[in-house]
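The chains carry the letters A, B, C and D, assigned in the order they are written, with residues numbered from 1 in each.
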């Protein structure tokens, strides 16, 4: 079988180096170009010594790189870049997986409000498929443009999907998603707030008045159980670990509904969602470095309703970003969904 | 003024060493005995090198120590010990601050159910005062026995007290308290689960099916706004930091109620509760080593009700344990409430 | 090709779970038994949730397991076990890789002095090969019993080997090996000293008066440049990270000797030793999870001699333990040396 | 007694906030001005929430602040600023403690070579006293300008001083100072290298080819035992903790010299140097937040000479910076040396 030729645009961040890590050992993929405006000409293994021996490529200037010879391009860029550059690639027959937020939101005014810039690629948006693999697997197969989900939306949505599809949530009650992320979620740019001495031995909430992943999660909820779409309360927190994300989601379910079975059935064919046995409490480290979301559910000790606590963990850089992007690539190119993604989590 | 003579029973744990740290520089207190069964005869500064130069005492065997010559005794022991030993001290006129859970729960069957042992000190319990300083300041002044609150109950209750007192919570809606604790909350005993390589770079929920601090918080809620006592949902999480606790509490308030003013008024005379300005998001490190609970509130971006997010942080070993115990001692002995507790938090 | 059948004895520790992680994706190996006295009957994926989906085995009681049907057995046990159990396996034709210290020291009295127990397997010792793969590759091919090196000895010896073989060290000057290890090197047993709150945000030396890896490193040095064997000064330190080891070794070289070329030549055929370019300073995270030792050398800014600073990093659980054990297995069974060991390091 | 009026110039960094923490509770000092170019007008307790309740000051623009009304000024600035601004203050009778490197090196060409800028304050330099308190206590009493030492020079020099003064080091052998610092030593500026995800769970050497603290330590050594000044080999490392520094220094001593007594005698009158009992291995956390350097010495298990391992720990922000600056202020103003510096270390 021919190797699929891919490029990574904007590979100096954490999502980028994680893509490179995963793609280096993908049996069906060849990385033929990696671009970076700031590091053009630098060897990627000089820039990231962890890649020594795995790559012999240099960062190319995006303006100079001819990406049209690739079969697929990953965008690991700040928002705005894929919106600008993806349409030309699509026109040349290159398929695109965008890890930025550009094509995640269907409603253009909503996107513009949250991202603070005009949206300029409505045609591309109209064909974009939201790349939550387990939700949209069929549409992804034939998609030319996949909008890879945000890390929080992946972690919060996966335990909710089966419940929403079953219309199991009480429409008059809130859905509280209290989420905790490792610091790599904030990216690799120089900033005081994510210094070791600021983020270490510390815990805090952020984005409480409104985080960009809120409309993204609401959009997914609304697509499945419309009458609870406005019931989401979402608060992200920064926790002093490098990788890992934990969502604790509190839901009020219809009387008699027990989510364990709903979840097990929904994900029976999904290799990367692990429904743990009753009584489990998933640890973020149990998925470190691997493309897995582990989920456990527990009934709350609560007499006033059928309240359940949904706990979901993922490596924010893998299932929450680069790993799901590769998963989507696999689906798009009819590869085994697990190709290049079978590494066992690193513990401890 | 005469120095108050105190003893610390069971001082080899984190609460114990923190008490010793605080008491070493307390202007009105003299530590005259420190007990430990396992370390009797060992110099406390040999056991805890951080105390070198601050103490010249040795751990005494509790059986051999005559604590009746003290004015007050702190119990920093596993549950069951204070219940057994405090009554005799009280009979001799020694006042007691119990940092364990023995006297926190008013209802004996509830205590026995959660702590799994018979409760044997009903007379002492009948005079015990729950030592949430800001709630029970007056009763603490004359108390002979103070039950120092748990760390989670302190952190969750403080932002709630003013709202409960104002009957501001909607009785039909849940109170979700999603809490995150540093690892020192688990104590200093050898255990695999709190090893550096198990708890580090990791995040998880625990005690989801029911944690001992749940009935304690419910008891406080019930004492103030009875119709919401059964609405508490409480999930603790372990976060990879040494000290620090963050509670994120989601409440549905009566229309028009805004908690900022209620909190500011309630705590206007409380030196150790800091109501931060609107828009703040407190960091646990902003209270590291200090006897402060910082609180900020934020209206949720939520159209379906008057939902507020209460964020409260404390150092679990200080305001959540040893610091509040000293604060209670100060109140009991008519000292300035801040005596020995004015250290500025250690940042970074 | 037939799969090689292996067993792991004592797999509940960090070395054990790391072996299981690596072996799960080894293309030529099948794990057919995993033993643990304390966890017999427990599913290994229940015990280590990171292994969910990767294994369907249960821990077996070592007494009940028939390991003679295996081609090879890894011992990931405390010292004393392999010495007792390996001879019977060898007699049945099973090859053994011992990750414990039992067969590392050639001189029995030295071993007994440092390990504090009688040595009982002199016949096995006589055929044991010290499994520093890059030093003893040829002997390992045919070995029936391989003594996998300690983590410090691997990290300290690798940069020294080429210099020692060239007789390049001044015999009258010390070799100072100042070493820093992540906490996983201390193992997974419950102990106060390696609790998160004891080992976190802390740095200390240990074993300064003499560490068991000292005679092991000296033995390797003596085998190559006899006149400097007694010149080693070795101090290990505990550093607050989970995985990773850094050795900083200070050597006085003969005038004119420059180690860069010696190292590059020595390791030109070694896939798992990476000699970095001049000016590099290796980071432990650049090898996290991978079977690589990265080495950089730098001339000291020092006028009084030809002093070089050798910096070497490895993941103590991989090249320092489980990874090198698999590397040795590959060599023993004539597999490609890199089989199952080609994962790219996890960064960040 | 009148309060001593002090100002802090450049207080937005870690050294600055640590000075503010210590000075807030100093019984004899009043902070009357705090300057910052970038944050002029901002409340210092808004900028550093840990200072809420402790200060009611705002950052002033340095150009606008009249510092001549102060008794003393601390410079917590990048190098070059004190050199430019201190002379005018000295001329107005203000005494200066400079925490930057400007006045640490006596030899101007050496300073210019290492700091890469012209040195412009030779008059001030001629009266500057190197503020290693325990070495120069008498000169500091009357100094108008104190050059507060670097963190590494403090930690490395303190265990060496008594040995150097006794001419105890062998002149033909190296002094190897292998040092490990917490990340706060790198300061609070936005930089990729000190992000949580870069510096966390990682260990590396840096500045191996020559660090600015090398000439500073050499200068101290040369002032005491001239014939070993060129024998220092100094390698700093970055370790994933917030505060703390550990120096492991390997020295060859004259036959028969045992450093324990030399150290105990030398420091018998020094409240902030703690010589630990034989067999101790100091932990950085045992001094967290406190102005203490703890030292332990151990003879190396080494037959080829009288080699000793000196282990010294300090909090790099306290005894290594702000604490020692306050200690020097105390000495300069004839206060008790321990005034405002008696806090017990924070453990855990």
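We adopt the following convention: contacts are C-beta pairs under 8 Å (C-beta built on N, C-alpha and C of every residue); 3 or more make two chains touch, one makes a residue touch a chain.
Given the structure is predicted, the values throughout are model-derived calculations rather than measurements.
Interface comparison, A-B versus B-D: the higher count of C-beta contacts falls to A-B. The chain with its C-alpha centre at the largest distance from the centre of chain A is D. If each chain is reduced to the centroid of its CA atoms, chain A and chain D end up 45 Å from each other. For the pair chain A and chain B, the distance between C-alpha centroids works out to 39 Å. Taking the mean of the C-alpha atoms as each chain's centre, chain B and chain D sit 37 Å apart. Shown for chain B are the residues that touch two or more other chains, namely 14, 184, 188, 197-198, 200-201, 240, 242-243, 282-283, 285, 288, 348.
Residue ranges of chain D in contact with chain B, taken from their complex: 14, 17, 21, 24-25, 48-54, 184, 188, 201, 242-243, 271, 274, 276, 280, 282-283, 285-290, 292, 294, 342-348.
On the side of chain B, the complex with chain C involves touching residues 14, 183-184, 188-192, 194-201, 240, 242. The residues of chain B lying in touch with chain A in their complex are 173-174, 176, 178, 180, 182, 197-198, 200-206, 208-210, 214, 230-231, 233, 235, 237, 239-244, 246, 248, 250, 252, 279, 281-285, 288, 298-305, 307, 309, 311, 313, 348.
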